[in-house]
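Two complexes follow with chain A in common, the first pairing it with chain B and the second with chain C.
Up next, the complex of A and B:
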């Protein structure tokens, strides 16, 4: 779940990282008051959860409070990348001598956070890494063991920063790393981190993203920031198809049959289990298939829930067949899912043997499941057929239909 | 009394179906709510839940031998009893 800049700034401020004397408002007149309080030139920044603010005119400079109000009014009405702003941030225009980058991101492959520092900030860190790799320091650290200042010091020093500058930067990166771990984040980034003429450092912009599943652990923080439970903060609004998927999953507490994401292909997917959804989705695409959806099924959903999901996918315009595929690891009962998807076909007046391109769920109660599939003439595969091969067979069948 | 779903049918002999005490036991035992107690505590079979049967046999354990039968319609009407 992504934070708006004004929220991310509040989080780092609470962590003891210096920030500017900014103000957030949803009202142009109040923007003027904030600018007046700040005194001197200000920057008015649109608060949207999308990039390209500067290019779209969502970041403007004001020399007077009147100008700040006028800019705020325009920015508040400005849609950027399909998003209307939550408000504007009124920030003092800092006299920055140098811009730095400090960030912590979750490395999904190492399963550890990695802190990143660069004395070249204000631009994408990926660009710096490509053009000046010696100016980017990084280091993984444990999110279980206590964090040591020395780890941050090593990273910063590796980019050539030394002396008093190094000493001032170490607590900032250390606090950022701690904020990251304490709040179950997947991204915590200060860019730019500005060095002012007096040698002090101040965060000029911040981006943060916390693990969605951890929202429950941070209710107090989210309440303080005014983030409601209903705010999903997804990159785009859910489609009616996706909302219908949420309803299916909410039908009862048993198992999962949800996380539906809409795509525009012709092969409906009922997939899941321990990372199986992503693997299978990728496998279908690798074989030239065009998925109509992504979803996750597992944890022993009820027959009604599996049926509801399959019906939803089968009824999606453009879907010719569905592929029902899972990895073995979730231990979801094969017979229960088989009943669900077959029932969906029958209730919609389809022949399960025709509509189900392949059923590849091995595991618990598979003998019972295979009896059901045989009874209805559904092509099924056991664990001797890999996920990749199952995806290939499904694509082959759907392409046969398309031809 | 017999009710059929798409995959599962449940049959309870008439004498057992009229036993309110057994109806209570079956209602408590079934994890997917296939049994319920109707008027006068008599046994009812909830048709919409029949296909949710997980073949756990708890209903069979809770009832006298042969009183309840679980029939797998997809398996040549194989009977759990």
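Up next, the complex of A and C:
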């Protein structure tokens, strides 16, 4: 889950890394008060979870509190990349001598975090790595031993930075490593990290992403920051259809029938499991089909859950038929999914044999499942029909409907 | 032969009294020659039995009862307790740990893997279904009940490595139907950090005489495939490889997570198309459809072409 800049800055501040005397607000008049308190020129920054805010006009400079207020008013109403801002950050315009970069990410191959430092900041670190590779220092560190000052020194020194700068940077990098580890982050980045005319350093912007699986461990921090439990902060906001999918999955604790993503096609998909869903979604598209949704079934869900998911998909406007397909199941029971999807059809007044384009779930309890499907005249396939072939048949049927 | 486990492998199940673990234990005992499940651990349940397997409070008790080193452990405890359970297994001398649990924070996984490396232990998973040597033994839920596992898996020359548990069975079943059995199939897990990657398992298959070719299932996200491509090129592997890439549609949807926790397109290097290119450059054939895999790997083996 990504943090807004104002949240990331708060986390950094709490960790003892110097930040500017900024203020966050959702109100233009208050932006003026903050600018007044700061005194002097300010920067008004849109708080959105998307890149390119500078280009989009979401970052503007103000010389007076009045100007700060009018900029804030405009920025608060400005949509950037499909996102409305959460608020604005009013930041003193710092006299920066040089911009640096400091960040921590995971290396999935080494299976350790890696500290990245550069004396070239303010731009994308990947661009620096490409154009000036000798200006980017990297250092992996242990998951078991605490990050130590000498490691910060090594990564800083490797970029040619020395003198008082090096010594002043060490605690910042060490604290950043600690923030990353202690908060279960997948990204902790200060960019730019500014060196001011008096030689001190200050974080001018920060990006942070906390791992969803670990949110439960950081309830206190998230509550302090005002982050709601319902906020997923995916690349795009969840649609009402997707939220309804989450409710279906929350029906009970047995298995999974959810992870719904909305698309705009006419073929509803009730598919699984993780890898099977990816494979099937590709296959439907490869045959020219237009999926109405992505979803995942797995871990042996209850009849109620399978039924709920099928109903949700069947009721989606524009859906003509559903395809019920999974890779060979060994835990999920074929008969339970069959009963769930048939029940969904019946409860909505549909003929299961008509609405279910194909049912391809082989595996555990398949004899029982196939018997039920036969009784309701549903076209089904066993493991001798590949995932790809099942997807092809489903697409063929729905295109027959459209034609 | 096989890799990682064989008919003589002894293992325990940590979290054995949980609903899924009870089933898993039954499945392992029933499959092949019957797994040597020498104990189970659930704190506070000392003295119970699960399908005849004695339950202990600690791994140390299980080891003492067994009277010698235990080879492996299947860990099925909830995410919040997994790290402790794995540390306990490692510190009691267990060398192979299959972590079934899903949704474990990455930091915990990284800590477990680092300790395992220090102690010379190996982790498979997390978020995986385990390992199967067809008709001999399975360690984990892979393939399901013995009857179902026997339907999909047959002994033979192909090593299978997959980021998806279900797809391990789907691909093995497709291979079996085409007369190509498996030497060992390993579900390595779908998370961003896992105990054993493709490249880390390749040396074991390389050293296994029974194995003549490798089939892998891959997804967008992470750099494991790039690591494999590099390994294959540098080591001049004798084993031909055919890969299947699922989730090609995700390239159009950066930042969205589908399927498994590790499956998310974050940069240009971890897209499906970039991975396909890298794999192909290393001589790995990338199949468009699963049903094409048996023919492709047969051809590569017949031509004696390395990966």
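Here is the rule we go by: the second predicted complex is superposed on the first by the 247 of 403 C-alpha atoms of A that agree within 3 Å, B and C clash if a C-alpha of one lies under 4 Å from a C-alpha of the other, contacts with A are read in each partner's own complex, and residues count from 1 in each chain.
Throughout what follows, a contact is a pair of C-beta atoms (placed from the backbone, for glycine too) under 8 Å apart; a residue touches a chain by one contact, two chains touch by 3 or more.
For clarity, every value in this text was computed on a predicted model and none was experimentally measured.
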item: Touched partner set for A:81, first chain B, second chain C, both or neither; value: neither
item: Which of chain B and chain C A:171 touches, first, second, both or neither; value: neither
item: Chain C versus chain B, contacts on chain A by residue; value: C
item: Which superposed partner A:122 touches (first chain B, second chain C, both, neither); value: neither
item: First, second, both or neither for A:214, with chain B first and chain C second; value: second
item: Partner chain(s) touched by A:339 [first = chain B, second = chain C, both, neither]; value: first
item: Which of chain B and chain C A:327 touches, first, second, both or neither; value: second
item: Which superposed partner A:389 touches (first chain B, second chain C, both, neither); value: second
item: On chain A, the residue positions that both chain B and chain C contact, one per complex; value: none
item: Residues of chain B that touch chain A when the two form their complex; value: 6-7, 32, 51-52, 54-55, 72, 74-75
item: Residue ranges of chain A in contact with chain C within the complex; value: 106, 108-109, 111-113, 126, 142-144, 181, 184, 186, 211, 213-214, 217, 234-236, 259, 261, 272-279, 281-283, 285-286, 294, 296, 298, 326-331, 363-364, 383-384, 386-389
item: Touching residues (chain side chain A, partner chain B) in the complex; value: 302-304, 333, 336, 339, 342-343, 346, 368, 371-372, 375-376
item: Chain C to chain A touching residues, read off their complex; value: 20, 79, 103-107, 109-111, 113-115, 118, 129, 141-145, 148-149, 152, 162-167, 169-170, 173-174, 177, 190, 192-193, 197, 217, 219, 222-224, 227, 244, 246-250, 253-263, 267, 288-291
